[in-house]
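Both complexes below contain chain A, partnered by chain B and then by chain C.
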Partner chain A sequence: MRILLALDNQSYSAGIIPEVAKLAANTWADITMLGIQSTNASAGLDQALAATMLAHKSSFLAQFTGKDSPYASPAGKEVFSPDNGGWQVGAAPDSSKALNLKVRAGSAIKEIMAEADQQGCDLIILGCSNGADCQWHGETLNLPQKIAKDAGCSVLVIKEQRPTKKIISCLDQSEIQQESLELINQIVTLHDADLKIVGLTGPKGLKKKEDTEKQMAEIQKYYTDRQINAWIKLVEKEGLEAYIAKASNEGMIALWMGKKSMLGKMFSSNLIEKLVANSQSSVLILR
Partner chain B sequence: MIKGLLNIDENLASSIALRYAGQLTDILSMQIQATHVEEPDAKQRSAGTGWVQRTWERGIEEAGMQTVLRLIKTENPNCNFIANPKIFVGDRDDEILEELRKGRYELFVEGNVNTSNVNDFYRLITSPLYSKSPCPMLVLKNLVVPKKGVILVGDGVDPQKLIAQFIKIAKTAKVDFDLVHYKFQENNELVFLDKREGGSYLADTESLLKENGFSVQSSKVICGTPEQAADSFREYGLAITTFPTRRSPRMEMLAHIPTPLILCR
Partner chain C sequence: MTDKAQTTILILDDEPIVSKRLKPSLEKKGYEVETFTVSIDAMKRVREKNFDIVITDLKMEGVDGMQFLTEVKSRSPETEVIVITGFATMETAKESFRKGVFDFLAKPFKLGEIADVISRAEKKKQG
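Moving on to the complex of A and B:
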């Protein structure tokens, strides 16, 4: 698994490090921590941002103190070196898994997307400001929402300081990837949260009810075998938006939004943005 | 040991029911008879009579038996089955009702996946099968480990009737029960009230339980919307209450409750 962790110098970014470290510890993912400087690359590396990124890395590694870690700590002082128009600090040579630091210059949305594409990331994780708006300080309006909407891979937007007690996972009508099932498994385990699997029913454009149920049965078995109690609920297509809006106040919403996804067709871009902005809890868009 | 009838169809709800039944037979000291009703549609109905009709029915029954055995084999529940599944051909509700009466079952068990539409639950409990059932009905909505149960009281619940049925079902239960009185109120979140707020419902139910040698682990009064209350019962593996007699917040709460639910009359 390859995770891109988009960070800035605000408390919401620092706040997500412990959760990401737990996820990384369970998945042994390759991690890239990416910071974006608004000043042009020709002006040189933003030293304040570089220092923040190094602090984020230390904070990440500190979560593994006294535990088995796939990420080796650096032997000495680390410095950024130029890399492809940006700067980076590579992983320690004896690290089992990659933990890279990168700083790129330019538009944050564009650079985050480009980095995720170049690396073939499975998941982008980012935090956002507390409250109803979910923003990145000093950046393009609705950055987290735009990343969630437009990224080619899965996106997890972690809301500040909100414990996840329930994960409401909306089952798409397309094929469910093993990786996304496992990602939800990890998040449920990390938070010791309840898992609710929501299946869609309705007359048009959906699989037959029997097929949906069969898929739900398989997913339920998958989680039961892993000692995860998955609650089942069927929601009519017409009532899904209202249901999601309500459920987003109860726990983390996980939506499957693949290319052939029925949820992708039903949920307009605006609705994803609204969901990310208004949800009281974190939001996971699975692709 | 109580005698239960478990209805099995080839769907997710039955898959859940079969797996839960394995745990249920253990905690409620229960024997289970599996059943399945084949409901042929008009096109499938044989136009013949006599042996032609009987041969056609035997064929349908055989297909039904194969369906049920396949599901049992797949789920492999650790169930205390009385005998081979009983397969019937005809109207589902009529056939099950007849079997419940003839077999003097003490509990009917079937899976029914929770939906967001309250009307689905209303249709279920007002169906001929549920409205005429001679015994309590256990609706299995989710697969949970029944570590603890809850007795639900509130508006419209007759404590006498509820406890009489509860004693029959749970006399040898291996799980503890809590007692909860639900009150409807539009709150931002679920509120726990003083026990005195439960009034006679809670006090009478507690007395009846005591008279019958039962004690509950805790009794409480909860107050909130039907969804909030229903959600709070996720910690329980079994809930027992009486049939709601009308559309009400209690009925809505029972529609949303994700826990396996025994409805008594």
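Moving on to the complex of A and C:
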């Protein structure tokens, strides 16, 4: 699994490091920590941001104890070197998995999505300011929302540091891709959370309620066979938006918005932005 | 013309879609691939034949992946085992490495990612 961790110099970015480290410890993912400087690359590396990124890396590595970390600690002082128009610090040579630091210059939204595309990332993770605004300080308005809406891969916006005990997974049961189910599995395992699987029923473009129930029962069996507490909730297509708004107070919302997703057709992109902004809990957009 | 033996790979995953994705892609790269969705069948097969590389899921009904990889490494220590799992935990990663696996990949992963790991395992075997 390849994860892009988008970070800035604010406390909400520092605050997500422990959760990301826990996910990395479970999955042995290749990690890139990315910072974006707004000043032009020709002006040189923003030293304050570089120092912040090194501090984020130290904080990440400090979450691992003992000899079992897949990420080796640097032997000496680390220095950013020029890399393809930006700067980077590569993984330590004896590291089992990659832990790279990168700084790119330009528009944060554009650079985060470009880096994720170039690396073939499975997941982008970022934090945001608390409360209903969910912003990145000093950046383009609604950056987390725009990343969640437009990225080519899955996006996890971490909005809280309290434990996630329930994941409400809204998926298009007839079309969801294996990769998205796998990502839900990892997040459920990470939090040791219960899983509520929301299936859609309705007259247009959806299967009959009995067929949906059958499909959902199969999905539930898949999870219960793997010792995960999972239960099913069927929601009428017309009531889904209101249901999701309410459910976001119960736990993390995972919304499958893949290309073939019925949800993608039903939800306007503005609604994803609204969900990310208004949700009390973290939000996982699956693709 | 050189007569180079094909690298043999066994894939065990109880979700058929995993083998369905991997098999054609690896065969295209020149590997000889056998796939299994039932762990007991894969167990029988590794008792008949030593594979160069074994790719196994962990959480499965019957014989689980940890038991399976233990059997593989005990019968054929030179076989490189790659664990792929949808329910990764730090404990399963640590236990896998204690048992001598070559690498541990959490799902989802891209085909290119596992192809890189296979290529590294192959190089290690070739010394």
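In the analysis below, the second predicted complex is superposed on the first by the 275 of 287 C-alpha atoms of A that agree within 3 Å, B and C clash if a C-alpha of one lies under 4 Å from a C-alpha of the other, contacts with A are read in each partner's own complex, and residues count from 1 in each chain.
Note that a contact is a pair of C-beta atoms (placed from the backbone, for glycine too) under 8 Å apart; a residue touches a chain by one contact, two chains touch by 3 or more.
Everything numeric here is computed off the predicted structure, so don't read it as measured data.
Overlaying the two complexes on chain A, which is it for chain B and chain C: clash or fit?
When both complexes are placed onto chain A, chain B and chain C end up side by side without any clash.
Tell me which partner A:Gln186 touches in the superposition: chain B (first), chain C (second), both or neither.
second
In the overlaid three-chain picture, which partner chain does A:Asn229 touch, first (chain B) or second (chain C), both, or neither?
Touch status of A:Asn229: first partner only.
Of the two partner chains, chain B (first) and chain C (second), which one does A:Met1 touch, if any: first, second, both, or neither?
second
If we overlay the two complexes on their shared chain A, which of chain B and chain C does A:Asn26 touch? Say first, second, both or neither.
Only chain C is touched by A:Asn26; chain B is not.
Considering only the touch criterion stated at the top, classify A:Gln220 as touching first (chain B), second (chain C), both, or neither.
The first partner, chain B, only.
Touching A:Gly120 in the superposition: chain B (first), chain C (second), both, neither?
In the superposition, A:Gly120 touches chain C alone.
So if I put the vertex at the Cα centre of chain A, how wide is the angle out to the Cα centres of chain B and chain C? Nearest 10 degrees is fine.
80
Quick check on the superposed pair: does A:Ser59 touch chain B, chain C, both, or neither? Answer first, second, both or neither.
A:Ser59 contacts neither chain B nor chain C.
Between chain B and chain C, what minimal C-alpha to C-alpha distance in angstrom results from the superposition?
When the complexes share the chain A frame, the smallest chain B-chain C C-alpha distance is 13 Å.
Which residues, counting only chain B, touch chain A once they are in their complex?
11-13, 15-16, 19, 113-117, 141-145, 227, 231, 234, 258
Any idea which chain C residues touch chain A in the complex?
Those residues of chain C that touch chain A are 15, 17-18, 21, 59, 61, 86-90, 93-94, 97, 104-110, 112-113.
Which stretch or stretches of chain A touch chain B in the complex?
Chain A residues touching chain B: 194, 201, 210, 213-214, 216-217, 220, 224, 229-236, 239, 243, 246, 250.
Mind pulling up the chain A residues that touch chain C in the complex?
Per the stated touch rule, the residues are 1-2, 25-29, 68, 70, 120, 122, 178-183, 185-186, 189, 225-226.
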